[in-house]
Amino acid sequence: MADFFMGHYAYWFTIILLCIGLYGILFKKNLIKKTIGLAILQISVVLFFVSVASKSGDVTVPVRDQANFPVEIAANYLNPLPHTLMLTAIVVGVATLGVAFTLLIAIYNRYNTLDEQELIEQFDD
Amino acid sequence: MIFAVELVIWQLELVIYLFLALSAIVALEVRDLLVAVVMMTVFSFLMALLFIAMGAIDVGFTEAVIGAGVTGILFVVVVYQTSRKSKD
Amino acid sequence: MIESHLPATIALIFVLFSVLIPAFGIWRSELSQPLAVLGSGLAAAFSIIGFIQYLSDGALRYYFGGWEPPVGIEFVYDGLSGFFIMVINTVAFFVFIHSHHTAKQEFPGKEMPYYALGILMLLGFNGMVLTGDLFNLYVFLEIASLSGYALIAIGDRQAPYAAFRYLIIGTAGGTLYLLGVGYLYTVTGTLNIIDMSAMLPMLYESNAVFAALILMIVGIGVKAALFPMHGWLPDSYTYTSSSSAALIAPIGTKVAAYILFRIMLWLFGIELTDAMAPVTLFVGILAAIGILYGSVMAIAQNELKRMLAYSSVSQIGYIIMGLSLANPWGFAGALLHVLNHAVMKAALFMISGQLRLREGHSDISRFDDSYRKKYPWTMAAFTVAAISMIGLPPLAGFFSKWYLVLGTIDNSNWIFLAVILISSLLNAVYFFRILEKVYMMNPAKGQKSVSDGDRNEAPASMMIPTLILSGSLIVIGFANAVIVGILLGIAPF
Amino acid sequence: MKDPFQSPIVLLGARLLSPYIMVFGWYVIFHGHYSPGGGFQGGALLAASLLLIRVAGGSRLAELQIREFATTPLAVIGVAIYFATGLAAVAAGGYFLDYELLPIPGMEPAWLRYTGILIIEVGIGLAVMAILVMIYDNMVRGEDYG
Amino acid sequence: MKALKILILLFFAGIMIFAASDLPNRGDQENLMHAEESITGTVVKGTYFIQNAYRDARTPNMVTVVLGDYRSIDTFGEQVVIYTAGLITLLILRKGRRRMTP
Amino acid sequence: MNLEFVPLLAILVSLAAVLPIMLSDRKPNLREFWTILAALIKFGLVLTLLPGAIQGNSVELHLVDLAPGLPLALKADPLGVFFAVIASGLWIFTSFYSIGYVRGAGEHKQTRYFASFAVCLSATIGIAFSANLITFILFYEMLTVATYPLVIHNEKEEAINAGRKYLAFTLTAGLLLVSASALVYHYTGTLDFTPGGLFSGVEIPDTEMLIIFILFLAAVGVKAGIMPIHGWLPAAMAAPTPVSALLHAVAVVKSGVFAVLRVVGYVFGTDVMGSYGLNDILIVLAGATIILASLIAFNQDNLKRRLAYSTVGHLSYIVLGVALITPIGITGGIMHIAAHATMKITLFFCAGAIYVNLHRTEISQLDGIARVMPWTMGAFVIGSMGLAGIPPINGFFSKWNLALGALEGDMILPVIILVVSGLLNVGYLFPIIYRAYFKKGEGLEKYGEASPLMVVPIVITAALSILFGLFPNLFFNFYDLAVDISSSLFINQVP
């Protein structure tokens, strides 16, 4: 049981953060808040990948250090692949946020508000 | 460049997790959007810290520079360009 | 050595042109459209060549950087991806030709970024279809989505808000997909689709694998506008500019459908998909609800573009339903419907663009007899496309429904059969309503009557693609035996 | 937002800090092979150094630094560097982005790969810098037509 | 509407908890993603990268090698994503020559 | 001479005529010249197939695969040729009559009218020559769409509603046909029309068989006007009279009964029909339709609507004949296709002539018109007698065969139905004649006979009714043809 907890607690926290992000997306009326929720959601997924990349025992970061940690034994190093993927994912996330900001400004310029309720009221007219 | 062995320090991670959740909730719940944005930046920095604690130095660095730095600036710009108040 | 650069070439052409268009566009904005046409035309030509090559030599695989698959990333040009690539690029080629005047009218001075983003969106779609790596797929998914949001945001009225809603829900979907990929990677240790599909059967009944499947279906279902996740689609297609609508509507949802095909039939395989819960049946039910919902909502609309948008919700349901049937006929019907619907929707949205160019609106309640006199060819093309949508032979739309019907019968799934039939009737209702107005209804009093001399057809650059697309519906109808023969060869059953 | 923080101290601080951040950015790009870093991080740092001046000094000062219309070409150049590197390998008869076949004489394959990675990192760095600045500029100065 | 949203949230939370309960222990060296060889006998990416990154590209930082070489098309795509974002701001926020007709 | 392409050409002739018709929009004479030319060529082409058909040969043409294993194929078998001869022959008369009618009535959009008409005929011939169900569906739907502009021709509210009703019925029918065909394909793997049926050697559970049959029945029954689903037919009388005459007396509704024949004889096969007891359903429905339609016809004051309900009833004669599944019964049914076509077209022509000439549509307004329009009313009498089954007219002959067929199958109920309905026919048609001849009309002084373009076709079709009644084998050997066809349907039957 303790083993299961030690092995899984990172996942539970990731889930909590993911749910906070989803909550922001679903329940917040302000569009900037929604965007913040989106950012939290994205970073939480990054966290999931990074946390599964870790290895137990005598490991080091994925930078070659032949003297102390011979690369032939893969167990010496953290798995570099999820890290790489997440570099990409972070940049993608920033690009998405950039687009979201662009749209936010465009919406504000047209309707002078970023509140969902007020926007919908304006559409009805 | 030698990093500490036994990279999974769960006590540290746990503390950062708690602060992460806290900052995320504050960022979503606070009414002043500028504060929300600042909390978002804090969230990113904590996340970067966590990544580095987990041994993902590259990801942590990137998150710090791009996630916290650039996104933070852009967030601030958006808040200044639009409105600072939020109803929820 | 390398057999063929084809799979990469198709995608890289788009990269080249996405660089060339801004490079030239900065000083000569009017060069953007010809360049976009050239780029998509080249890509279409290469994809057709590739398909011919596929038919003779089998699947083509391309290893980027020279690294073989489990290590590196590969592009796979097999039957399924080849078919989708051909459809996407060919339709996009015609849409780009068509968009010259609408672009000038609807967002003057912004041609350069518009066409660059159009090309980038196609790059994303092509990459998604071609790639053999799940994470690479996510990257291309984001390229396509981001440019898609932007293309939707340039439009009138609520377009930015519609785009923003799409962005939120679409990015959340993409993130869920990524989480699913994460689960799969954690369990299998690979990201390559072919590699992973060999491992997954050994992990039968793993919760994580099942959850990954669900997350991926939900995430991609958002992009495909599968029934409960369709909310973004009608607003987006309604308020965006005509040229964007014509570009996104025919191909956007199809590519998402492709990913569902790839995931459910290739990556997981039909046994594993249904191992823990009847996922295919569930997806099929959603698709069926979507078909009926889309059709009913389409009847209630008074705006041509909005009606077409709801009809898209319904038509994507056919494709997903064909997938969920998981038998050769359903598969062939679904893929044939991908082709048909891409061509039909492109033609219909292009026609709505022509009407907006000339009339300034596409409000169905204002249609009348004078349209037939003013735009005889446009209306002829509309009639052909509409009749094909309804599914009357010998037009293409009939045959995809025919195969879907055969598929439902093979599975003895009478409810789906009834859904297909009922929705065809509903389609007939909303299209004949327009045809009736266009051909029968005399103009309202007070308007000057239109004589034959007032013919005001859209420019040739718009008319010719529209006519070619609607004409090709007849050709597809008669040639569908050949197409379906090939499609049945692709089917993984 | 054109001149948001019109304070001499902020401006001074920004102007002092900016060159160091920029140098650090280039360092991160070129040192990515040995330590954490690479094109994206370096590019973002370069952008940060430029944005700092823009935030602190307003648009007039920023014009002296990197002009608004120069960002698009820079971005295009950045993407083009990456793309051309890939095409060079194709031209030499290999797969796209197969650095082993880059036409640089007198290098063994592993070092060619090293060089190839370096080249693309520079491309990425340029593009990221230009684009982040471009996003900022458009957000601050751009206007929607509506 | 609110109830529906809560349902959605619960659904996703449930799915993720369901999945996480069956994920292998974090950091377990026996994990397939860290193994020497996969269950079908193919190369495992992560392990291959650790062992061969320096040999292939003379670069100690494995992440850089994976990013720049093994998965270079990913990185290229990433660059294109950022490029797309830049063009999007051009398209949406830059003023057009004329105002659009309403 | 190689006849292979004749069926295709026969279909394409009228389709090809659409283009010149559209182009000569401004020149009515030229436009109608094209129509008549196409009609004549088509009739000639169909006639060349007749000798072969009489010898029992069929001509097959395989065009393209519409779907794997499902070709777009044409087959001019005796039944198809029989139907095609009737449809294309009567088109000639209708063309002349149409010219008189549309000009007399000053109809608008005449070009659309003639073009749609040509497409309809094309589709009808296509239905006649279809070699399999998928080709059949193709032309069936084509007919549906092409008829629509004709139904709503006058574009009044009533006509548009009728058009919607028509579309709702026929499109649903088309979909049911598609699903029924798909079921057949699922079970048998083929859709080719084969005399004796497709189901030999295939075991299908009773319920499935019943479902397939009911789907088919609903699909083809709509166009054949079987009772609960006949609603579109009276509504469609809003169309111009030549349309009612040709399409709602010959082309469309006869396509429906032709489809019944195809389905019963060539898809299910007579033995399957009998062994699953499916024909009983058909007999009951057809019998009920005959009686009910005749009764409803009594209440109609509008001449065309009365004729429409009469059509509904007479179509069910044919269905009844087919449902008897005895050789003589089917012969009678086939003969009634021809008989009813000539008679009903005569009656509709008369109704149209009265409308164009006198602008009268209600029966109560017809007092004394026989004085004014002697030829027209004479033809009307002949047609009415034929429908009632009075001997020298061809209607008698087919009814006689139907009755014989019923007796051959040891069924007495159909005979009773036939007799009763004959009386009812007399009951609703002869009052019209009585009014026309024996009541005194008002305000008729300024009118004369209708234009020769209309009267001549009327007289010819009336004459044809009598001629075929006296000599069933005159000209085209119709009787022999019908006998051959019906006997060919029983080849599988174990004696």
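Observations, loosely collected:
We call the chains A, B, C, D, E and F, going by the order they appear; numbering starts again at 1 in every chain.
Criterion: a contact is a pair of C-beta atoms (placed from the backbone, for glycine too) under 8 Å apart; a residue touches a chain by one contact, two chains touch by 3 or more.
Here the structure is a predicted model, which is why all the values come from computation and not from measurement.
Leaving out chain C, the touch network of the other chains consists of the groups A, B, D, E | F. Where touching is counted per the definition, the chains common to chain D and chain F are C. Of all chains, the one whose CA centroid is most distant from that of chain B is F.
With respect to chain E, maximal separation of chain centres occurs for F (centres as means of Cα atoms). Taking the mean of each chain's C-alpha atoms, the chain closest to the overall C-alpha centroid is C.
Distance between chain centres (mean CA atoms), chain E to chain F: 67 Å.
Computed centre separation for the pair chain C/chain D is 35 angstrom, with centres defined by C-alpha atoms. A separation of 24 Å divides the Cα centre of chain A from that of chain D. Averaging C-alpha coordinates per chain places the centre of chain B 79 Å away from that of chain F. Chain contacts: chain D has residues 34-36, 38, 40, 72, 75, 79, 83, 86, 96-97, 99, 128, 135, 138-139, 142-146 touching two or more partner chains. Residue positions of chain F touching 2 or more other chains: there are none.
Listed for chain A are residues 6, 10, 18, 22-23, 51-54, 56-57, 62-63, 65, 82-85, 87-88, 91-92, 94-96, 98-99, 101-106, 110, each touching two or more other chains. Against chain A, in their complex, chain B makes its touches with residues 1-3, 5-8, 10, 13-14, 17, 20-21, 24-25, 27-28, 33, 36-37, 40, 43-44, 47, 50-51, 54-59, 62-63, 66-67, 70-71, 74-75, 77-79, 81-83, 86-88. Contact residues on chain B toward chain D in their complex (touch as defined above): 1, 57-58, 60-62, 65-66, 69-70, 73-74, 77-78, 80-81. Contact residues of chain C toward chain A in the complex are 135, 138-139, 142, 146, 149-150, 153, 157-158, 160-161, 163-164, 167-168, 171-172, 175, 178-179, 182, 185-186.
The part of chain C that touches chain E in the complex is made up of residues 15, 18, 22, 64-65, 67, 70-73, 105-110, 112-114, 116-117, 120, 123, 127, 133, 135-136, 139-140, 142-143, 146-147, 149-150, 153-154, 156, 160, 176, 179, 183, 185-191, 195, 198-199, 202, 206-208, 210-212, 214-215, 360.
Residues of chain E touching chain A in their complex: 2, 5, 8-9, 12-13, 16-17, 20-21, 23-29, 33-34, 36, 45-47, 49-51, 53-54, 60-63, 66-67, 71, 74-75, 77-78, 81-82, 84-85, 88-89, 92-93.
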